[in-house]
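What follows is a pair of complexes built around chain A, which joins chain B in one and chain C in the other.
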Partner chain A sequence: MTFLAPHPSTVALLLADARLPGGGHAHSASLEPALRGGMPPADVPAWMVGRATTVSLVEAGTAVVAARLLADAGPWAPEDRDAPPAGGPDGGVDLGADLGADPGVDAVVRAWAARTPSPALRDASRLLGRGYLRVARTLWPRSAAVRVLVRHDAASRRPAGLTTGTTSGTTTGTTTGTGTLPRAVVLGAICAAAGMPPADVVRLTVYDDAQTAASALLKLEPLDPLAPARWVLDACAAAEEHVLRVAACATPEDIPSSGAPLTEGWAEAHALTTQRLFRA
Partner chain B sequence: MSTPPRTDVRLTLVEVDRGTVPGAPVRVRTRDDLLAVRTVARGAAHAEVALVATGAVLLGGDHVAVQVRVADGCALTLTDVGGTVAYDGEGRPCRWDVEVRLGAGARLDWAGLPFVVSSGADVTRSTDAVLGAGARLLLRETAVLGRDGELGGRVVLRSTVRDDDGPLLVEEVVAAGERPVPGVLGGRRVIDSITDLHGAPDDGPPPSGGPDHAPPGADGAVTLRLERGGTLTRWLGTSAHLSPLHRSHLWRDHPPAAVPALPDPRLETA
Partner chain C sequence: MPETTPAPVLDGTRPTRALRLGVAGPVGVGKSSLIATVCRALADELRIGVITNDIYTDEDARFLRSAGVLDPERIRAVETGACPHTAIRDDVTANLLAAEDLERDFAPLDLVVIESGGDNLTATFSPALVDAQIFVLDVAGGGDVARKGGPGIGRADLLVVNKTDLAPYVGVDVDRMVADASAAREGRAVVALSRTDEASVAALRAWLLGVLERFRGGVHVAQDPGPMAPHFHADEEGGGVLHSHAEGDADHGHTHTHDDAHEHAHEHTPAH
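Take a look at the complex of A and B:
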């Protein structure tokens, strides 16, 4: 049987499209926290460039490394199209019940977490990761890469003491391992499933972050809706000089660690407010 | 240029080891270079050591390396005798690399003084720490963009702290006084931080970090609770002397001199 797969570019378009119900609409890519924290709206264009060349690259590098790792999990198996969806019997990956958290995935999550010092931003990213995992397991149920994550996620949610993985860090009292997967790692699995080139993974991540902020800005500050579209392009253009470097990331240690201290502080304050439009 | 460029690595070393016989003071091994090491006090498990600049640092082309090693179960308190100024390097970058290795149960308290990045300076300042099981690192780092009246040069602040289980904190902050970036430091000239990290114990869960979100203090300092335990407390502002971290409870609760539980607390001057 000939199996038709969408072109990786089409998948990138789908993932970047706000109409995809992945949960991104509840997020402002740190913009609401920034404006509530006192950043003048006039600074938004420069702030977007700043994100595209700092924290977005941490996310992008995480996705690239996750995609490289999970591409090794094995290919999509066309002959397996009619097999039960992820969580069922093996579709190219060993889904033995005792195999829990994947140490490779754990290492990527740890690298990301060590580069994301703000708990508010880690929480927001994990919330998005949950929505993305739903997208991934529904649209790519038989991808080996996605299956590794689904299994890892299930293992990470098991009560402490029941997981057999090589984990020891905890985020809450009820999970073991590295907890709910952050968005960037799930994005990496989807990109692996789709066969997306690493440079496109970076561009997609940067674009999505910038467009999320631009879209949120229209709800927070009245302005010409085309103005932030210009800023999205400017932010992506500023990131372009970093794209190849980030696309070359191969190990968790390679992931950029470029931080934004003010953004982190604003995120913490915002997480404690009750009057807000966006989750983060 | 009147002075020849300095490009070699200038290594300063502090090593703290157990005494050779039980109850003897710890041994402190040092190597001086652009920084001189002065032992202030030694006890059975604790040493206090001061770092003193021996000349003008940092100039363009300088590469200062500081290696700090504390053996299992020992504690070291490091103090800076003066702050550091990175001068206009006239296009030549300079580096300040700190390498910390803490053994099992070891401890380092280092209340660093401000690191000032003059206009024209291009500095990379890195801290690379490896924590043994149950080790603790308490580090104050203050970077200031510009001397009085200056916007300040360019600085890359890089921190990598890990233990046997993997990374605890990996961060790079890039700032340039003439090109402030909103969301990074904005127009703030001072980034003041206290890093308080623990190496995971050999077994058992890591120390609990308390509530996940600590409210920002009224003084503007923010405490970030890291994923694997430990905290990064940070204040961004306009002038180092205004920083609330001078009064941080981290130092107040654990005044460096009183920190190590010494079985035999007799201190002697070296």
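Take a look at the complex of A and C:
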């Protein structure tokens, strides 16, 4: 049976849809930490514009650079009748070859981490990355881009010093990489698999962040559910002037480094609280 | 039809991971207490981990840690974004990742128990998350609840009628409630439990060890109680049979196939 590929725009719709089970529903895009940290609810619309033009662009740039890198991973793996099912622990990817952590991916992760100073936000993003990788390896099991990340992820889980495929039995110090992949990098792989244009990757990232906050807001503050939908559109509109610049990012150095220190502080405090609705 | 997910098996026979057991039921029926009871009864023979799905995260995990029945490190809380129902059914990602982490950090575990956030009668676990599930009611909720039915009451692997010691104070006839529940469940397992009644705790323990044994033997198949009502199958004569997808008793897993000799139209009666 041959499968027709969906249009990249359709994939963008799927990824932006909160009904996709990737673990996102337990996250508030930093909104709960902000409100608990004392930000007045009336500031939410401005805060959303702030995110769309700062931290969302870091995520978007990371996804764009990862997508460019992974688009070079090669064509789709050939249809393999004997491939194990995609839902298995390693997504049907052959881990026998000791390809392990990918240095290019590591460089992107390091650039992202340097621009995401809050450990709590990095942790939350890595948790989302794991959920996204489940989505990616289940829906795009034969994409070369996704396979690179599945191998990379497996290498990061291998106990330090242990490598597959060594003949001597001694540890060779093969890198276990930069650890669990953040969401933006996994998003890049999916976008590479889907052939999504970079500008759409940016818009998708900005939209998803804004919509995540908007939907969390309804659980945190009493208001007309249509009000935050307006703010999502406003935030996305504010990011529009940055879209082409971020879409042009080609190397890890190109990723924007616009931060939001107050958000980072709130995120750290939130990680220590015991009464949370949302992870971050 | 409800999905069934076999436990992952190595060499075609044996599961490679811990049994995942869900505990669901309305708020306050004693889910956390039941888990504490299970830990107390089995901590010597099983390596156990617990995941809680509180609405305001930490409460259940703290209760269980303070019960002192398990190494506090083995009890983890996940956030549900104010949607405990979603976290055990529509998007089980956070719980799956937490289960993976627990099993990796304390390998090998025999049992991972997942407590759902107290929800309503329709909340049940997806078989993508758990291998078996207990639905808990308590006598204080009233003797009628078992008759009201719902996927958890009707088709969870085990129904627990909890806090039987309170029955005299709330005017509930426990035997009657259990009989109603058994009828609603077409004979699937029911345990009338009180943490102060040794015999009832032993019954719970025996049920759990039985499930674990079948799971390890590779013969347990996760059943989905389903979010929906039993299906209605019209037959050629224009009559029909009400049909639940987990018929049989709860004592052994089985796969269900639609290979009946006659063709049947598949009408889904509206849920509820």
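Here is the rule we go by: the second predicted complex is superposed on the first by the 243 of 280 C-alpha atoms of A that agree within 3 Å, B and C clash if a C-alpha of one lies under 4 Å from a C-alpha of the other, contacts with A are read in each partner's own complex, and residues count from 1 in each chain.
Everything below uses one rule, namely that contacts are C-beta pairs under 8 Å (C-beta built on N, C-alpha and C of every residue); 3 or more make two chains touch, one makes a residue touch a chain.
Keep in mind that what you see is a predicted model, and the values were worked out from it rather than measured.
When the shared chain is aligned, chain C comes close enough to touch A:F278, but chain B does not. Of the two partner chains, neither chain B nor chain C is touched by A:A5. In the superposition on chain A, no contact is made by A:A248 with either chain B or chain C.
Contacts of A:A34 after superposition: chain B is touched, whereas chain C is not reached.
Contacts of A:D43 after superposition: chain B is touched, whereas chain C is not reached.
Judged by the number of chain A residues each one touches, B leads among chain B and chain C.
Residue contacts after overlaying the shared chain place A:L262 against chain B, while chain C stays out of touching range.
After overlaying the two complexes on the shared chain, residue contacts for A:R115 are found with chain B alone; chain C is out of touch.
Residues common to the contacts of chain A with chain B and with chain C across the two structures: none. Remark: chain B residues 158, 160, 162, 165-174, 181-186, 188, 191, 200, 205-206, 212-216, 222, 224-228, 232, 234, 236 touch chain A in the complex. Residues of chain C that touch chain A in their complex: 8, 55-58, 62, 78-83, 86-87, 90-94, 96-97, 104.
Those residues of chain A whose C-beta lies close enough to touch chain C in the complex are 19, 21-28, 88-89, 127, 130-131, 134, 157, 216, 219, 274-279. On the side of chain A, the complex with chain B involves touching residues 30, 34, 39, 43-44, 46-47, 49-51, 54, 107, 110-111, 113-120, 122-123, 168-171, 178, 252, 256-265, 268-269, 271-272.
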